[in-house]
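The structure is given below, and queries will be raised subsequently.
Chain naming follows the written order as A, B, C, D, E, F, G, H, I and J, and within any one chain the residues start at number 1.
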């Protein structure tokens, strides 16, 4: 049993019990973005979180250790195609150099970590059309000199 | 004279006068992310904003119409390499499917627009290391059926 | 059961009952282009449309929820090869810059949405050879400045 | 002098005289899409059309023969990046198989020509946001058997 | 049952009965190149041709409709590797610009159709080594102006 | 001076003197396809042919040795884009496996040479539209076993 | 049964009987390089050689015709990765232009055939480390002019 | 002055003095393959060899140190296109796995070095067509275990 | 049974017995990096090491010969995506030219072998965050001249 | 003046004064690897280091600010070709999964930073051939959960 098998079991349990990712995250005691990524096999759970997911979703016991495994984080399409994901890629393409200028002006020579990192999605209601508010929060890492 | 020429003039003026992107943005009356992107040739200025940039930076008069031109938004590397930009690409790769699940659970079948869109960078001071807070704000666009 | 399984069931039902996409679309109460795309797994059905498709095509009951799932819109060949699809790609390649000039002259700086979007195919009879009339109808989205 | 040189002269004349592509097309007696594509070097002009363009835009005499040359129709990015052009590519990716089904159901086994072909852009005013109406008109070509 | 299944049945029947493609083509009443391509799933048969193939090769009855289906014409390797096919690709690479010059000098601005098209292979006996004579015959399609 | 420089001189002489490739080939005493390819820098001339080209086109004397140099035969686009050249590529893609079957049935295990090779273009007048007849003639090379 | 199946049977027989490729080649009466390539499905056997292989390796009778089939010569990685194969690719990259200069200086404008071709591997014992002696022997093919 | 500049000077001197690579190699006291590769910028000369090349070819004095620089060995086309070079690539593709089997059977687990390596080209006269004999000689390097 | 099957058996045994790679390496009498690579199918074991692994992990007897087979060393992603592996790739990209300068300054024209090579991973405890110390140890190979 | 210009000036000064990278590093008071990378434009200098480099190498005054600019870290070849750099890439390919297993076993789920990072090259004299000792030292960054 590997992570993709557990993901399929989670999708099945989610559909059968008509659960939302938010509800699963609440049961896990973690944020919805992180919990979803762990369920999709892109993050590893602590023992406690794995226990909660297994219990809440009614997963077989052997899924616990798989949820705790350290994932290999890979993706299929080096240029994504699904329109939702592509738009994020397009933002990185169009604004990448801009963000480099602005972040390094504020922080110095370095990067925003994608490891010591969290992310959040909020819905902002708006009469002209609701808006997605996506917040990335990463530690600034200055380049070493030696 | 095309946009890349104006960008070079802006970099020269910025260096000579020791200006920050924030100061340029304040002079333009726009946000620092948008202003920087316009200076890098990735957005078009209104007549008013172009006037302010030309005046504040002491650019030649003929740069105004170039700043107002509609840009062709293209980038060199379909998979970015500079570590700051790559980390953003990695986030899209690792969390793309997660964001699709979470956004579509909150909003229905559709996408976050990269056109009716804004972005902001903030610095969060933190004793363990300052953090970059990057906020994307895009209109939700539901898929049509017809 | 995932979308590709439903697509196969639809192809089988279509062949067995000698149905056209037009007939399926009429039963669904939607256009032929949209209905075909939903049957191919590239759009999600409302509950009502899914009911109509399941009934008209005699599909198993569990296909309904699959028809309603939000699809991941991806394609195999980043440069298409089948001649019918390639010719459309060639049109985008040859006329892409032209369309950018003409659309932005008429509308300002922005794009034609591929989300708030519909498409239609008509046959124009012509003694020199019938013609395909393909109409794309997308909302104009102006770029934000902020 | 090659086509790209003539395109630059046309852009300069267009800017200096504050002309629209529509006005240039009217002077040439051709549609705006075709005229723009010829000015961008993607189609060849007849002698008459070349004369009209040279005269209306005040181009040097030697541009006439360049406008009449048969172009090599190539594009830089096999997957386009500018958002306006990418959205068209996305439509081809998402709806390519659908169009193959629908066109071949209506016409038989064959393709829509990209050579015996025309295209038109219209603006549809709409209180919810204007719409781009893009019409492709290509001869149906049935596959030979021999 | 899809086209690849029928192709496998045809290869099996061809081997069992020690048939040549020429013999199969003669039975179908079509040329050897076209018939082979249809058997490989790259062209669609008329009802009459499909009947003849089914009968001559002793195929199951349900193969008839599959032979009549409109194929998706795709290939695995965008740059071919098998030496026989690569040499043809090399000819296109080495002589592509030459053919553009020569064909457009003879015919005007346009292309040779790959749809209204036929192809033939002949063997020319030669004491220094036999020669392959490959003839492509495509309708000239002039570019539209509109 | 390298081959591309000579090609540009030839294009200039051809335009100035309003010559066709056929006329240049007749002067060289070679076929139009081969002569054009040599003028485009894709084949090397014998001393005699180089003399004739230099004289007929009024080229500078130092072009002779360049025409005689052995070319590096390379092309820009591994998948061609110009429609005339792409259609030939498409033929190789669609019919590659077919040609392998048919040629090897007629000749045995081996290939058609692209080196001991010639090519011809003819125009077939036809009331339904003239046709391009393209003939490739290559020596069959059987695979060695040792 | 296709060539890959026969290759697997050969590997199994080779392992079970602890045979070397050299021993298999000796039984086939052919060189070790050619025999190995035929066993790996990259060359076709004559009837006699196929008989010898089937007998020596104790293969099922139906493998004979598969060994005699004309292979499709394709490989997985357009840039190889296994270090042994990559080093050969690197030699072609580093010395490709050099070999073109040297071979064409000795032979004239043309190529070394990869079809009318053989190859040999020898071991040269050497106190500083044994050496691999790899010899390629291909017919020189001069380019045609016509 | 960098290596490409020296290469151009060498080509000019070679042409002006009508020298062969063999003559240049004889003057350098090295093999023709290695000498040509050093002249093309793909190997570094010892001080003695550089002196001989500079003197024999009448190069400017400052070329000596450039000839002695350690080159960056890179090539343009990851899949080569010139037919002479492509055939070598094809040999690596078709026979790569075979060579891995044969070399490792003779030597054990390891590779043939492309660094402790030499290469030779010979011409074998043959009434059926002369043959190119290309010999690669590389040290066998066994994989370490630790 | 091939190497991937043995790798799966090893992962299963490792999990069932809660073993670390370090413990497996100690049992094999080899380093942890090399042992892990051999278990992942990227190196071949000597007979003695294979015996120890089979015994310690309780593997089936037929795995021994598979562990001893010479591997084909290939990897899936030419640009790696998992963040841990990508960071190493990034180091090669950012510091590749630097290492070439520094190594060749210290050693002369040549390379660091990846075959006569070993590697080690150590953990350096550090109050600001532990550090990974990765040591590569490869024989310097000078380029031949001949 | 941009970083590549400064790099060229440094190479010229280094050659003219016959300096080693080690000597330049000693003058800068930094390690040889880091100093070389900064001279190649892949790291930014502090004001003090830039002053020392400018003085020691006799660079023009305006190079100081360029040495202090934050670089865009990009490289030409996504798969490197120069043998010295390729071998490092090969190590990442062959041992990437191994390093992931070993590092994460020692440290937990996370990565080795390429930003909070240093690197060293040492020469180990060895009668069988000197060895390159390359040490990478990066902070371990555990993945966040939130």
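The rule is short, and it goes like this: a residue touches a chain if its C-beta (ideal position, glycine included) is under 8 Å from a C-beta of that chain, and two chains touch if they have at least 3 such contacts.
Keep in mind that what you see is a predicted model, and the values were worked out from it rather than measured.
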Just to be sure I understand the contacts, which chains border both subunit J and subunit D? A, B
Does A-J or D-F have the larger number of C-beta pairs in contact? A-J
Inter-centroid spacing, subunit I versus subunit C (mean Cα positions, whole Å): 49
Cα centroid separation between subunit I and subunit J, in whole Å? 23
Whole-angstrom distance, CA centroid of subunit A to CA centroid of subunit I, is 30
Cα centroid separation between subunit C and subunit H, in whole Å? 55
Among the residues of subunit C, pick out those that touch two or more other chains and give their numbers. 33, 72-75, 78-79, 81-83, 90, 93-94, 97, 100, 104, 110-111, 113-117, 141
Touching pairs here come out as A-B, A-C, A-D, A-I, A-J, B-C, B-D, B-I, B-J, C-D, C-E, C-F, D-E, D-F, E-F, E-G, E-H, F-G, F-H, G-H, G-I, G-J, H-I, H-J, I-J
What residues on subunit H touch subunit E, complex-wise? 79, 81, 83, 86, 90, 93-94
Can you list the subunit E residues touching subunit C in their complex? 65, 72-75, 78, 114-115
Residue numbers of subunit F touching subunit D in their complex, please. 15, 77, 79, 81-83
For a test of understanding, state which residues of subunit G touch subunit H in their complex under the given definition. 20-22, 32-33, 36-37, 40, 42, 73-75, 78-80, 82-85, 87-107, 110-114, 116-117, 119, 121, 123-124, 126, 128-141
Which of the residues in subunit A come into contact with subunit J in the complex? 30-31, 33-34, 38, 43-46, 49, 70, 72, 100, 104, 108-111, 113, 115-118, 141-146
